[in-house]
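Chain IDs A, B, C and D follow the sequence of writing; residue 1 opens each chain.
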């Protein structure tokens, strides 16, 4: 691992981010990354956050057209309410704040506490829960589907709507629509090693893979002998489509878990596109890269989001963050 | 026997020592069915609590636990931060501003804390969470510290054959069976530290 | 590995790239990635290429403000002259073509042959050799310094100058200046596994690292017990400064080898900035990310380029490629 | 004994078989001091050469080798593509358009090919490259195919103690010592295939 000591990994990362991104305000002590021009008058602010180790999520998505602020927690550990409250105060222009929360018990509890505290301080807060991972059954026997790749779609599309000046209820309901229209499935080709533990979270011998993993090194639902990229695409896309059944075009995110080479991700994308076309699904836009990662895990995930014209327009809208930039 | 602020200070100190000593084991347990951070979460949280208590020295048991809980919430994060934070905060609130409390009062207050945890996290006993160690412990804490400790330990071990229905381990379904819940294991440490504080130096049970 | 079979890795990757980037023309059969609007009237074209496995280099740098076309070879194998000749023909507007060549025997020989052939076809060709890796002594006893991270600086800055309409000689001499002002040093924390071999190219046990590696899994010059991120920054920056001794501000590239988490790269950047400031070197701009990679290798490299005002202006100029995008 | 186009066709076919068979070994050699692609480069190149020769069937030895060389250049890439491509192309050119050539003529032409490789790559013998197998082989090819094969093999093995001064292996400095050069190893295969083609079926040396 390229670190000093496990205890300072998050702070060191923030210091390095500050040096590379003068366009952001990075508060290392309070663990906040904020748009330099926040609060933007009249604009609804988006705040997200979660455990670190998923970079560029979320801090890499702070900037015009996307998040107003991000709160990085310890590695794989939800941030604390203090961070979120401070973030809300820093970015609220009076138009209110949307908390984008990935559905994990820790994130949910901490953001809930923060919402109460921020409201006590007079900030209007709405929350959207992202829960797109079809590998987890959404039943009373689980904590519900995990939030993974769809987070990027929610933050980008709702962020664009907020930048257009839409009020909090509309930004919130758009975020909810994007989450509702999105599903993901992930595959690990290696385990993940956290700095604190120093050894792989689970044992995954070369020649085997885990289907249905999350982004925290939680073991998946099933282990299988190694499959080809084409076979993995079949399993992943079909798992998503079983739950989603899109009636229109989709956004596609082919996401790397961190250690899978971009060349392989692009090759995997070719297979994902093949499966989609075999299943009669049309593709509106495709994004390929390491966006919602799990430290040094090798593997990938597929996220699909069924979109309408408004969502595509918002997807295409300008965005200017460290990790996503386009439009003029 | 009355429990004074100093007693609670010792409890928190002993808890921090235990969490630090057992951090690797807690993280290993969390690696098996979670995300391998429970040990460092607990270590960081209780270390901070002790730093704060050194500085602020609250003067009632209730104030002390409330402060400890608030700081767990502010420094731990994850699922365990709000849950342990709520446990101590609500226990502290239930103790009111008495300068000394009885073990029975503590048992009752801790019961309120555990109830708050159950409400916040939506879990019941048997869901393979910290509640499986906490609930049996508060039930017998009225009788003795040692029994509460033993009940917590037993409850933690009894999570092994359970299938998780809450928290991160629930994602594993059947595969969560056969592993001890890390939060239950840390809850047992909390109760162990309590019994230790009440031991030779603390007035004991008998 | 997330692949079908080793033989199709490059072609699969190009198919997937085509699907994700409709703004590029991807010729899978002839292994070319070309700006959709090429040839741009009156503009000098930049063509680069090299072995695959270093993505996003080079194909991810094709677009306005940077490369006109890229020629991806097999994994770690220089492309063949046919690709370069075809690329030159596709992008030449009559203003000439600059070949950006990383200094490896294979790349040098193939681009040389291509230059001759393209000139036979009436294309005016200039070449710049990128050789920035200080881990290799530039002597008659070696093939000369390897081309690594500085390639990104050369392609970006010369690409911006070409976009401004500068003639071939000026674009060429700027490219040469950037190369001359740039030096790199790389460190591996793990080996690399090529699809063809299927096992690590060299043995690097956990707990050890290789100093002075290239980007092809060539073993480095020295092996050491694991060091902290701060210690690695000391060694890497000092190795560069021993050769560069900048008298003015520098561009900094903190580059990931592929499998090192972005969080760790940012943390490493904090240490690089510390060393630079201790050495009295001022920083003009910093870029952190996985740009010049070596498949699934864990590790990092530091590239510094001493810049003047013109170079900074060209660095800041708009660029619109899959992997680098900024400016408006 | 005269070598006809068919002889050269057999040579290229035998080379392709050898490169395919030994690809993993060549790649292993390249992994030790290079980038682990030499085996797949050679396999891909000579497979293509044979496909092309099947289709185009050039009718003189010179045309055949020139075509083979051109296609190596067009399909191999890396350092070995231009170098092996130049070797065969220049050898072919030197053979002119004779329908049959003597071994002595081949030896002379191959000498021209090797000289072109030396010029293109700037290496000399002792630099730990394919030249260390090729140069000693062409020197004795006038005497016999078998001797040329043995000289190439010996030359390839003699690269082991050398320190590389050209190509990728030169980056390793001292650490390149103790490993056989992959390009020298593949050059030995090329000469082995030549001797094999000239063996029982090909008229042999004697």
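In this text, contacts are C-beta pairs under 8 Å (C-beta built on N, C-alpha and C of every residue); 3 or more make two chains touch, one makes a residue touch a chain.
All of these numbers come straight from a predicted model, not from anything done at the bench.
K.L.:
Which chains does chain B share as contact partners with chain D?
P.N.:
Under the touch definition, chain B and chain D have no mutual neighbours whatsoever.
K.L.:
Among the chains, which is located farthest from chain D on the basis of C-alpha centroids?
P.N.:
B
K.L.:
Between chain A and chain D, tell me the centre distance in angstrom, where each centre is the average of that chain's C-alpha atoms.
P.N.:
53
K.L.:
As a quick test, compute the distance in whole Å between the mean CA positions of chain A and chain C.
P.N.:
29
K.L.:
With centres defined as the mean C-alpha position, give me the chain A-chain B separation in Å.
P.N.:
32
K.L.:
Which residues of chain B are in contact with two or more other chains?
P.N.:
In chain B, no residue touches at least two other chains, as defined above.
K.L.:
How would one label the connectivity among the chains shown: line, ring, star, complete, or other?
P.N.:
Here the contact pattern is a line, an open path with two ends.
K.L.:
If we use the touch criterion from the header, which chain pairs count as touching?
P.N.:
Per the contact definition above, the touching pairs are A-B, A-C, C-D.
K.L.:
Can you list the chain A residues touching chain B in their complex?
P.N.:
The contact residues of chain A facing chain B are 6, 51, 73-82, 104-106, 109-110, 113, 135-137, 140-143, 146, 194, 196-197, 201-202, 214, 216-219, 221.
K.L.:
In their complex, what parts of chain D are in touch with chain C?
P.N.:
27-28, 31-37, 39-41, 44, 73-83, 120-121, 163, 165-168, 170-173, 175
K.L.:
Which residues of chain A touch chain C once you look at their complex with the stated criterion?
P.N.:
That would be residues 1-5, 8-10, 12-17, 19-20, 52-53, 55-56, 60, 75, 189, 228-230, 232, 254, 258-271, 273, 283, 286-288, 290, 293, 295-296, 298-300, 325-326, 328 of chain A.
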